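As written, the chain order gives the labels A, B, C and D, with residue 1 at the start of each chain.
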């Protein structure tokens, strides 16, 4: 498979999908993004990156950051204890987030819904971590891009629209499932979502998941089983309420963000990152899902 | 009906119920109350009060305060607009509080669940009111008890355990249904719940509801229809998830609090306040409900 | 209060409301009813009936029948045991019907939602009653109208659209909360809803509730406390998800049906039946609620 | 990997798990099964089968049958239209089954919950299929076991305890999502769940999923993409409310049944069937999940 040709072909085939859907509109910084943008990058196991379109254009990573904070927690000694505070099951549908928190004693369903990611951030914060600092350090190193940083405009906008996440955090606190202070956790959470990266950088940063836990410098971040398990959680829970549909169409572990990014993993082969800001009703990039669908169809590299 | 005899008889008949149930245990100040206490007072339309047992013992009014803040809002010019922000339907069962907020766009079901009372307090606060100050002033005047004040120990304890209410408030804020600042509203809410009063004072303070809106000094607080409508909301929503059961057994508008107080209204006749800290599984005073049950059975004064 | 004048005034005042809303459309027999019809009748304790408009026009009683089957169960020896199988709490909102059945082990929230009424019918059927026969006999006697009977066209139409009620019944059966055979219970349930009566007949048939349990021939059907308690359940649960709103506006125990009928009780005074087929979003007659609102405003006879 | 040795090792390593959990107890025929039984079989792509323990002991396949009926529907011309009637998303948690049906207009979340499987059976029945006959024919052919048949005792027992499935079916019918008659669909559904097979037979019958749609005789049952997609649905929805946990521990598409069977697929390599009747709280075989966990750990053959 000649990847540059593949990317060119996919790019052509999904051209009609680019611009479809709507940009996330809950904060101005996201709402005014051009939905006509499309970028895609593939990072091979050896660190070679191929790209097409706007693959070098940065955007806020939003919920894609949840994959990395989860990995950072699990990489710590005793990190698996986070599973006492957050589950690993799909959340069903959106309205359940709060019902389920209420029914399940403040334990979020999985680390990729907002409530679960707040627990992960809290776990890092309670262990004394400067969460955003550590995360930036990791992402810069993996992608060899020392310039990766928080988009302060997005961060300010997110912070001004955080009441719902604040409600989730206090609700979990009322069940004893917050260890650090809620305002601190929220501040860190907002900043990690506002980190700006491009497709190449995200694809490189996620390679440890395709390499069963090994970082780009050859050191081990996670046990083999831990890396596989993050992939499993991405597949079952990584694309909001459309995880089943994504598994069905694409057949790869993937994590999406409302900026229109999706990071997907082909275990043992490569990572793929797509970005296109037009979202479908479930919050996933329309052109991004279409491109990944084409990718697995053309390569046969779905996990199934 | 000779009320002193009636109260003596009821007191004797419910003696076995006193001490049953458990005191609210979410804050130490409530948990250590003696569940063996029982007080009951009847206030007649002319302001005569009769009492039995611990009717002069003060306790924090807790959710009984919700009746008075609702009345204070409705008494303001344009006060009925609060109904745009809070409904008038029973909430079904406990787990629904958050589901319903989510399904119904941040509009609480009624002003007597916590979310709804937060909206009422917010409405007062946003109108520039010193909520607790105004409330104290009203209660002191109606009961001729200038010494009524906030129990600061209870208030401090409540403030330290307010995460769930904080979550509710931020959740409503995320739907645009908070006008004042959430920390301010919570502070006022906590203080109004911590006001300490006795059965006689509460019965006197509620007489405007039995008198179709007329205060103890003969001035009108509410329109006749407004007073009747508060009674209607008390009957359908005043005793948490046991409103149907309370209507069935007692047949009077009533509002309970987790301190073990219940304020009931016999329209056109009197008010009744009972207090006994042992609560049933729904959060209503065991001996209090039993005493009101006896009261309506012996007098025939249920509204049905 | 001169009731004929009162009825004439109400009729004039609600004229604008008549024709608003939509007829129930789940069966053709209801859908094609003229929403421009309006009838209202008041039955005084002595059996005198006053009426206005289409008060002698018959319609299928639909859910208003639930009041009478409940009374017939309670009138039996040990009838109060039905409360082991059905609750007395408002159901919150429509979507809860099945959730609550599932959460609460197949025990419906109250006897006036369909699931609860199926339990009441089942209780009668399991006790060997010819449910519809007994009900017809009771209604004919109370209203002195031997011609009251089932509208067979409506019954056939209902029977052809009973899948949802069938689902509810089998669901309760799966929890062991059906005693007779489900097809038999459904057949009886459909027939009792399809009984055709007019406003005068319904008002007369409900007088035992205004008379604290005494039938029109002076015999006792129910204990005083039982009659009051049916009124309490009507007030908290009688108008679907709008019970709070109905209590707020009208302030009387009432039971509505999707044919546009509402039977209301003024304890110790009279019953009122209104009929107008245009329904609001909650399934209650638009003009019917308006007429009862005017009725209590003009008479001051709300229970509050 | 020498599979007989592997199976012997797994069998030894999970010995402590065998007997844990409880047999399904909703029907006597399942409740009295010996929880001390354990069987496991691996079928390689060429049809070679290896087994250990009770791998030749037959049991009712229960929900494992849902995989095969789904395949049979999809194999028909226009079979993909079944996706208009049933979704592909995990169901969240058990209490949602009915909520979601209600919220989502009678469209079940996925074909592996009971409601969804009823739709699949209905789709076959409405297309004129003798569902159980066709299914038996397929299973007998794939496993070269002409003696596979329905366990009539289990079928009779299931039929006598089918009220909940009956409720689901009528509920969907009320939304217009049943095409054949409900009693017929239920009868077929009960019979297909009661088919008795052993581990070897199930592993062989599922090989088309490991072979991307090709049956054991080399003919194509499904398109490559269809087979992959069934695997995707198995992974996200195949083990009740524990799909996330199963993906996390085992990392393979799998479908479990309350008899204690689990059929798992290693795409491109083999199928694995385990059977041990002791179930965990989510309804999956305790020893079965443990054995599959060991299997993927020892072979490295998880899809992640």
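Throughout what follows, a residue touches a chain if its C-beta (ideal position, glycine included) is under 8 Å from a C-beta of that chain, and two chains touch if they have at least 3 such contacts.
In this text, all values refer to a predicted model and were calculated from it rather than measured experimentally.
Each step here moves to a touching chain, and the least such steps from chain B to chain D number 2. Note: the chain lying farthest from chain A is C, by mean C-alpha position. Two copies of one sequence, chain A and chain B, touch each other mainly through matching residues, since over half of the numbers at the interface are common to both. Centre-to-centre spacing of chain B and chain C amounts to 32 Å, using the average Cα coordinate of each chain.
Distance between chain C and chain D, defined via averaged C-alpha coordinates, is recorded as 47 Å. In chain D, the residues touching two or more other chains are 95, 103. Residue ranges on chain B touching chain A, taken from their complex, read 95, 98-99, 101-103, 163-164, 166-171, 173-174. Looking at the complex, you find that chain B touches chain C at residues 87-93, 95-96, 100, 103, 109-110, 225, 227-229, 231-233, 235-237, 241-245, 247-248, 251, 253, 267, 297, 302-304.
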